[in-house]
Each structure stands twice: as structure tokens, then as C-alpha cells.
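Each of the next two complexes has subunit A plus one more chain, namely subunit B in the first and subunit C in the second.
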Partner chain A sequence: MLFNNRTERYFVWVFFPLALLMPLFLEQNTFYVSKLTTVMIFAIFVMSLDYLVGRCGLITLGHAMFYGLGGYIFVMIAPEYEAVNFWVYTFYICVIAAAVALVIGFLVLRTSGIYMIMITLAFAQMTYYFFSDSLDFGGNDGVFIYVKPDTSLFGLSLFDLENPTHFYYLCLLSLFNTLFFFRLVTRSRFGRVIDSIHENPGRTTALGYNIFVFRLMAYTMASALGAYAGYLFTLQYGFVNPSMLAWTTSGSALVMSILGGIGSIYGAILGVLVYEGLHFSLEHLTEHWLLFMGALIILMVILFKNGIAGYLEKLLERR
Partner chain B sequence: MNNNVILESQVILETEGLCKYWGGLKALDDISLKFHDRELHGIVGPNGAGKSTLLNLLCGHYKPTSGRIVHEGAPIDAIKPYAFARRGIGRSFQKTNIYPNATCLENCSVAVQRRMGGSFNFLRSRHRQEVLEEIATEALEKVGLLSRRNEVAAHISYGEQRQLEIAMVLATSPCVLLLDEPMAGMGHEESQLIIELLKQLKQEYCIVLVEHDMDAVFELSDKLTVMVDGQHLTTGTVDRVRDDPRVKEAYLGQGDEVY
Partner chain C sequence: MTTSLFFVQLINGLQYGLLLFLIASGLTLVFGVMGILNLAHGSMYMVGAYLAWYFVQQTGSFTLSAVISAIIALLIGIVVERTLIQRLYRRNHLDQVLLTIGMIFVFNALQSILWGNDPLGVQVPDAMSAAIPLTDVVEYPVYRLFVALLCVAIAAIMYYMINRTRLGMLIRAGESNREMVECLGIDISRLYTIVFAIGVMLAAVAGVIAAPMSSIVPGMGEHVLIACFVVVVIGGMGSIKGALIGALLVGLVDTFASVLLPQLSSMMIYILMAFILLIKPQGLFSS
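Presenting the complex of A and B:
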């Protein structure tokens, strides 16, 4: 069984069918559909961060760099007034982001702990200021995307990116695939080495593993997925701007990952749902919503030791 | 053995003028030793004699300030730390060094997987390969932990954790075992278990043993090296070293509580 954790299995069985049916309930209301789409996209991003921080022990404050790069790579390589192929560009973006991650990871992963946080942050800020100050990429306003890619595959166009419901399903499928992918990776032999490195790097070196290479692989993988999430975000809203690269994006992703249950992978979905849910409902009640939100998050982190996922696991165990 | 002729078996690991300085402090000064196949080479000395430093150099954890380490004829002091284990130099640590949240089997599986390969297989389940788990189980059986196979390492007793650590080293299929105080903090019965284990193991492997338990070292060692203040004092058979007046003066003569 792939999802061998009972709580996770329940969650997958409840969440994904519900999410599949959701557009039917919200047929009239594209606002909620597109809101949920953004949640899915961000969940992919948070999941990739959760893998890095929770499973690999690589704490980074620069993950938003890849989120933003996903969008910027697209506007860099795609022609402005011509529809490109969605699948081909997905491939391009993931490969280019992976190449960037390989180089940056090579430098960043020489450090660890607090130093690694600082260096990842530095790289992300460099990218942020590069794009926000550059005239070629619209500076602070970012770049608009006039033509969305078409999705034909072997001459067959299955869905339309302009249609919010279609796009919603694309993001839902991407989220499921990401979860599925990380589950495969964590239970694989590669995952065994990553677990070992996380728990005891010194011992793992003494057993003959070159831990740097394994960390670099994990970093590259997670970064490429983070870029994919940014690419989806860019397609949804039709623009890319530097705020995607800001360290606050990394920061809130980290908060969501901790809230959901760090290292649990599926907890990322829970974290984003709860965070965005709170954000959305509090925003309507008061203009000081951030204050209440902060207090609630502090409370939840204190109450749930291993995040919401950890809390659910405990609840189910007691049964 | 009253025989004066010691049959020289093959030298597996050798140090030539090995030095390690920490700033002005000479932790290890000009150590030249030879470690033979299928022999247990004990290393003793008072605290701060440089025993652990020597082991840390032999396993690649530290880089020597000067001098060479030769393994099967090739100098290896310049290679990366992880490459030492790949050459078959396995070590256990003074402070228990395992994966506490994983099962005993998983602890050994990590070790086996290193040489079985597939560490860059991202998709196939880690439990799909029975051969790997078989070899890991064998290693557990060797140290007598078969019954603890599926228990989480943090939940077994301290002595068993020490055994597990040796099992992990064995699972890498080493040719040299560097053991840093495997009996530290153990009760008498647990120590006896390790002694029996080491007696078996030394028929197969070259073992370098650093240990404070003198009874155990005298019982087990084929050769014994005494170190004092980072320097080599003497090396020889247990009887010869025990009768050496310099050794008595430097170490064994200190008090009856030691011996």
C-alpha cells in the first residue's frame, strides 16, 4: 500500500473525491473555484518545501525563488503573442528550474542550519531585486501574459486553460500527482537514504554515502516542483510579478507547512487549506485580520505538536 | 602461545608517521602501526592518549596533519570521508550512533543498501528487495539481535544498541572494523556478550579495538599497542606489553583500580 499511514489514507479518500466534486457545487461561482485553484497551486509549492524541510532537514527561506522563477522562466522563453504548447513548456520550465537549482544547491548545500537559511534567503533576495529592478521584466509591476498556452497533446486538446473549471482540474490533478510522487520517493531506496541523512548525517557518511549528492538531488527535485507551482500560478492569473519571489512567500509557505505537520507531505494540503481558510474568513470580519490570524496560528502550533496532520493521527490512533 | 615466532598475516591497514595537531596541541604524534588481517589489535592508553583521534583518522573523519594511511597498498589519507567506508573500513562510535527512530532491520538495511546499490532509484519501494533485507537480517543474527529485528532502535536496551551498531558495521561488509569502546557503559554480562562476539569476528576481520575495559582487551587482543600523550609507547603481544616496565610506569602501574 502506497499510503501506509492510516490518517493519510483517510485524508486522501476524503479530500480528493470532495475536491473532484467541488466545481459541481460551485458551478455558478467561479470566484470560489479560482480561489480553490490557488489553494491547490500553493499546496504543491508548500508540499515541495515540506519535503525539503521536513524530510530532508534542509531548512530554506529561499524556496519562493523557484516559485517566482517558474513564472519568469515562462515569460523569458515563451513568445509574447503566440500560444505555446503547455506540455512542452512545462517540461522546459521544470528542466531549467532544475538546472538553476543544481547550481544554487551546489553552493547552498555546503552549509547547514542557520547558515543555510541565510544563504538561501540571500539568493532569493538577489533574484527578487534583480527582477523588481529590471526594466526588461516590468520591474515591480511584473509581466503580463497575453496568450495562454494551448494544451493539445498529439493534436488532441483535452481542456482549455482559459476555463476556470478546467484549470481547476488541472491543478487538482497536479496536486495529486505531486503527493503521489513524493510518496513514491519517500518509500523508495532513495527515500531510505534521505531519511537516514535527516536522522543522522554523520552516521550515514560513515556508512559510505556521499550525503551531499543525495541532498543535491532532493533539493533539485523539490525546486523543480516549486517552479512548476509558480508556473501554474502565473497561468492562472496571467501575470508574473516580483512579489512571488519575496521572502514573505517563502515564510508563509513555511508557516503553512509547520501548521499542516512538517514532514508529513499530505499535511501541506491541510496547512494551506486552514491558513487560506482563516485568511479568507478573517479578512471579511475585520481589517486587523492579520493580528487574529497570528494569534490563532500560535495557538494551533502550541496545541498541535506535529501540526494538524499530527493531531489527526493522534485522534485516529485513540479509536 | 609460547611460540616466539609470530606468523605474520597480511597487512591490511597501515599508518606511516601519522600526526594530528590541533593548533599547537599534538593530539597524535608520529604514529606508525600495522594492522593485520584476522587479528584483533587492541589500543590502550590513559585518557587523552589519542586513541579516539587515531580511530577518527583511520576512518577518514579527520584529515591527518601529516603522515600517511595505507589501505591494501594504496594511500588513502586524501580521499573523502565516505570513501573510507566504501573501501571496507567500517567503524563504530564511542557514543552510540544509530538511527533511533528506525527499526533495527532498517538500521542495517541502510548499511547494506550502500553496496547493493539502487540508492538513486526514486520510484521502487525500498521493501521490494528481499535480498537486501536478508543480508541485513544476517548481520543482526551475527550479533544476536534477530529477535529485535522489527523493534524501533530507540526502544531496545543500551547494550543492544551497541550490538546494533556493530551489526550496522558488519552489514557494510567491511574488511577492517574500527571499534571505539564497544563496551563503554555496559554491565558485566553485556560486556561478556560483546567479548564472545568479538572472538568470533576476529577470525574473519581485521579489528582495531579501543577499549578501557582492560580485562577484555587482554583477553581479546592478538596485538596490543600502548599510547601515551599522543605518542606510540610500545606494540607487541599481550604478555610482552603487560611485562614492559615502561607500560607499567606509564599506565598500568598507576593504581590497582585499573587492572
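Presenting the complex of A and C:
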């Protein structure tokens, strides 16, 4: 089977059918559909971060850099008043983001631990200031996207990106594919070497693997996926601005990934759902929601070490 | 650039660098001794600035306000260390990052509850509101010079404390071998509390003395935190000497870049950092 354990199988069988039917329940309410779409997009982003942090042991506080780049690369390369092909540009964006990640990763992965945390953060801030100071990219206001891409593939157009429900299904499909993709990766030879590097870098080196190259490959892959999530976000709201690159984006993604259960991959979806749910309801209750969010994060670190996925696994697995 | 302008920029750069050193030294001290990366360190800088503003409103005296703010910061440091940071010693970096991110959220929320989100300002104290004329048109404010001198004085006191006093000896011992210090019958957790509180106080004092020079705004803590990261990465994490050199480098590069290369000014320090990392991945003075 493709699943790691029973909890994951249950989760996938409950979550995806429910998510498929969700727009039917919310027929009248495009607000909730688009809110859920954002959750899906963010779950892709958090999942790619979760792989880096939880499976590779590479703690980065600069993952938002690629999230933002996904949007900015699109406005850089796409013509302003002409619909482009979604799939072709997905390919372009992933390739360009991967190329950027290769260069940044080469620098960043020379360090480890605390240093890596700070250096990834510093690189993300560098891109943040680059775009927020740049007049070509609208400074703090960012750039608007006037024409959304069309999604025809071999003459068949499945999704109309102007329609929120269509967009929702595109994101759901992307999320499913991302989960599936990471499952394949973790089961492949490559994924096993990565797990072994996480467990014991010294021994993996002794076995003849060049751990730097493997880490760089994982970093590049996760960054390209992060950029894909950013690209989807940009298309959903029709603009890109520097706040996507802000360190708070990386920080909250990290919080969500821990909340869900670090390294579990599917936990990213749970983490984003719970975090965004709390955020949404607290925001409605009080304008000082940040206080409660902060307190919750602190409590979570102290009491709830393995995240929601870890908790569910403890409930469901009989060993 | 004329000579006088160059001279002014040079002092500005040094002064900014010294202020950064004050903040970064706390960050690097806490990391060096306790192995804790405190992301909420910048929030303490923010808290210092807001406390300074509040007590200037209440007492009317900047000096008095500075003293009260420093004492409150010390108390905050002790309470935070005793209740939260102490739980992190046997945890990994990830938990440290998360818990201190949570602290940033809490401090930012408290700031907006207590003092609102409008930018605030503190008057330069009357005794130092003058400016020294350098040429016919260029003059330099006394307060900025005072800040530079104060930072140098604090750095000197720290140097003396770490190298010449019993507390400094314990700090250095704690840096090199935690278990051995414990075995010698020294209460390491008390030592950690003291070190953390001193770190918090240094950041808050920097916030206090920076308050009259810049406006007090939400988010000022995060801005300065990132600059401090660049400083400690350049200087080498855990090294006070490295923090000094790194801070001066960052201060000078940042100041001159904003005059010479305005388009790239806010990116320049990160480029400097990337360059240094290429040559020395562990920073200039890694321990």
C-alpha cells in the first residue's frame, strides 16, 4: 500500500472525498469556497516545507521566499494583457524557481542548524526588500494580474480559472498530487537516502553518498513546489505583493507544519486547516487574536510535541 | 562625496553599528552560553522603545525613564526565562524557533493593546538637543554622539565583566562545558537566568536610546532582529568580538550603501553576508 500507516489511510479516505463534495454544500457561498481554496494552496506550501524540515532535517525560515517568487516569476515572464497557458507557465515557474533554489541552496546548505535558520531568513529578507523597494514591481503594493491563464491541455480546457469553484478543484487536485508525489518520493531510493541522512549524516557519508548533493536536490524540489503554491495563490487573488515573501509567512508555515505533525507530510493539511480555522474564528472574536495565537503556539510547543498527526496516530494505532 | 559628508556618514555608520552591537551582543551571548536562539530578541528592543516613550510621558525625564525601562526589561527577562525558556534547554532548534515565534506574537499583541499602532516619538533630552557644527552647513547632533559613546562604554563594561569578574568567568565556563560547571557545584540554571536577563536588558536599553532617534512603530523589533542575524552570522555565532566587528561592518555598509547605491541599499548587507559566507561558512570569529 501507498500509505505509511492506518491513520494516514483513514485521513486520506475521509479528507479528499469530503473536500470533493464541499463546494456542493457551499453552493451559495463563494466566500467559503475561496477560503478553502487558500487553505489547499497553503497546504501545498506547508507540505513542501514539512518535507524539508521533517524529513530532511533542514530547518529553514526562508521558505516564503519561493512562495513569493512563484508569483513574481509569473509577472516577470508572462505578458501583461494576454492569456497564457497555465500548464506551460507552471513548468516555466517551477524550472526557474528550481534554478534559483539551486544557487541559494548551494550557499545555504554549506551551513547547518542555527546558522541555516538565520541564513535562510536573511536570504528571504533580501528578496523581500528587493521587491518592496523596486519600482518595477510596484513596491509594497505589488503587481496586479489582469488576465488569468487558460488551462487548455491538448485542446481540452478543464478549468476556468475565473470561476472560484473550478479554481477550488484545480487546487484540490494539485494538493492531492503533491501528497501523492511526496509519498512516491519517500518510498523511492532517493527518499530513503534522505531519511538516512536525517537519521545519521555521518554514516550515510560513510556509505558513499554525497549528502550535500542529496540535500541540494531535496531543497530544490521543495522550493519549486513552494513556488508552485505561490503561483496558485497569485492567480487566485490576482495580485502578488511582498507580504507573501515576509518572514511571517515562513514562520506561520512552520507553525502549521509542527501543529500538523512534523515529517508526516499529510499532517500539513491538518495543520493548515486547524491553524487557519483558529485564525479565522479568533479574528472574528477579538481584534487581538495575535495574543491568543501566540499563547497557543507556546502551549503547543510545551505540551503537544508530535502535532495532530502524532496524536491521531497514538489514538488509532494499536501496537 | 565631499569630505564633510563622508565624515558625517562615517560617524553615522559607526553609531548605527554600535547600536546594532548592543542588540546583537545580547543575542549572541544567550546563544553562546545557553545554546538558545531567541527570535523574540528583537521584540525586547521594541519593548524598550515603547517603555521609554511611556515613562517619558509619565515622569517627564528621559534619564529616569531609561532607568525604569532597563529594570522592567531585566524583570521581563527573569520571568520569561524562568517560565518558558527553561523548558527549551533539552529541546532542538525547531522548538526554540517555534516558542520564540509565539513570544513575538504575544509581545506584538501586547504592544498593540497597551500602546496602539500609531507611530510614537520621544523628544531628544534637552541637555543633548544641541548640534555640533562641522562646517558652515553641516552639523552633527550631540545626542547621536552620546549614543555612540554610551554604546562604547557598555561594550567596555561587558568586556570587563566577561574577562575580569567571577560572573564572567562562570559565563565563559558555561560556554565551554555545561556539565563540568554543574559538577563544580555551580547553580547553572541561576547563571542562565542571569545571562538571559542581561541579554534582554541589552536589547531593551538599545531600544530606549534609539527611541529619540527614530520613530517608535509596530514591527520595529523584527526589522532589527533580521539585521542582528546578519551581524551574528558575519561575526560568528556566540562570539562577542565577532558581534562587534560584524555590527560595525553592517553599520558602515548599510550607511554608505544608502548614499552611494540607493537602489540596492536595503539588500547590500545581505549581499555582504552571502559574500562572507562563501569564504567562511561559520562566520569570521566562530568559536
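Keep this in mind: the second predicted complex is superposed on the first by the 312 of 319 C-alpha atoms of A that agree within 3 Å, B and C clash if a C-alpha of one lies under 4 Å from a C-alpha of the other, contacts with A are read in each partner's own complex, and residues count from 1 in each chain.
Here, a contact is a pair of C-beta atoms (placed from the backbone, for glycine too) under 8 Å apart; a residue touches a chain by one contact, two chains touch by 3 or more.
Keep in mind it's a predicted model, so treat the numbers as computed, not measured.
Colleague: Touching A:Leu254, do we find subunit B (first), subunit C (second), both, or neither?
Modeller: Only subunit C is touched by A:Leu254; subunit B is not.
Colleague: Mind telling me which of the two, subunit B or subunit C, contacts the most residues of subunit A?
Modeller: After superposing on chain A, more of subunit A is contacted by C.
Colleague: A:Arg187 contacts which: subunit B (first), subunit C (second), both, neither?
Modeller: In the superposed model, A:Arg187 contacts subunit B only, not subunit C.
Colleague: Who does A:Ile114 touch here: subunit B (first), subunit C (second), both, or neither?
Modeller: It touches subunit C, and subunit B stays clear.
Colleague: Which partner does A:Ser243 reach: the first (subunit B), the second (subunit C), both, or neither?
Modeller: Neither partner.
Colleague: Applying the document's definition of touch, where does A:Asn200 land relative to subunit B and subunit C: first, second, both, or neither?
Modeller: A:Asn200 sits against subunit B, while subunit C stays out of touch.
Colleague: A:Asp133 contacts which: subunit B (first), subunit C (second), both, neither?
Modeller: second
Colleague: Please write out, lowest number first, the residues of subunit A touched by both subunit B and subunit C across the two complexes.
Modeller: In subunit A, nothing is touched by subunit B and also by subunit C.
Colleague: Once bound in the complex, which stretches of subunit B touch subunit A?
Modeller: 59, 61, 80-86, 90-91, 93, 97-102, 106, 109-111, 113-115, 118-127, 129, 168, 172
Colleague: Which residues of subunit C touch subunit A in their complex?
Modeller: 31, 37, 84, 87, 91, 93-95, 97-99, 101-110, 112-113, 222, 226, 229-230, 232-233, 237, 263, 265-267, 270-271, 273-274, 277-278, 281-283
Colleague: If you look only at subunit A, which of its residues touch subunit C in the complex?
Modeller: The touching residues are 53, 59, 61, 107, 110-111, 113-115, 117-119, 121-123, 125-126, 129-130, 133, 247, 251, 254-255, 258, 262, 288-291, 293-298, 300-302, 305.
Colleague: Tell me, which parts of subunit A touch subunit B in their complex?
Modeller: 184-185, 187-193, 195-196, 199-200, 202-211, 214, 217
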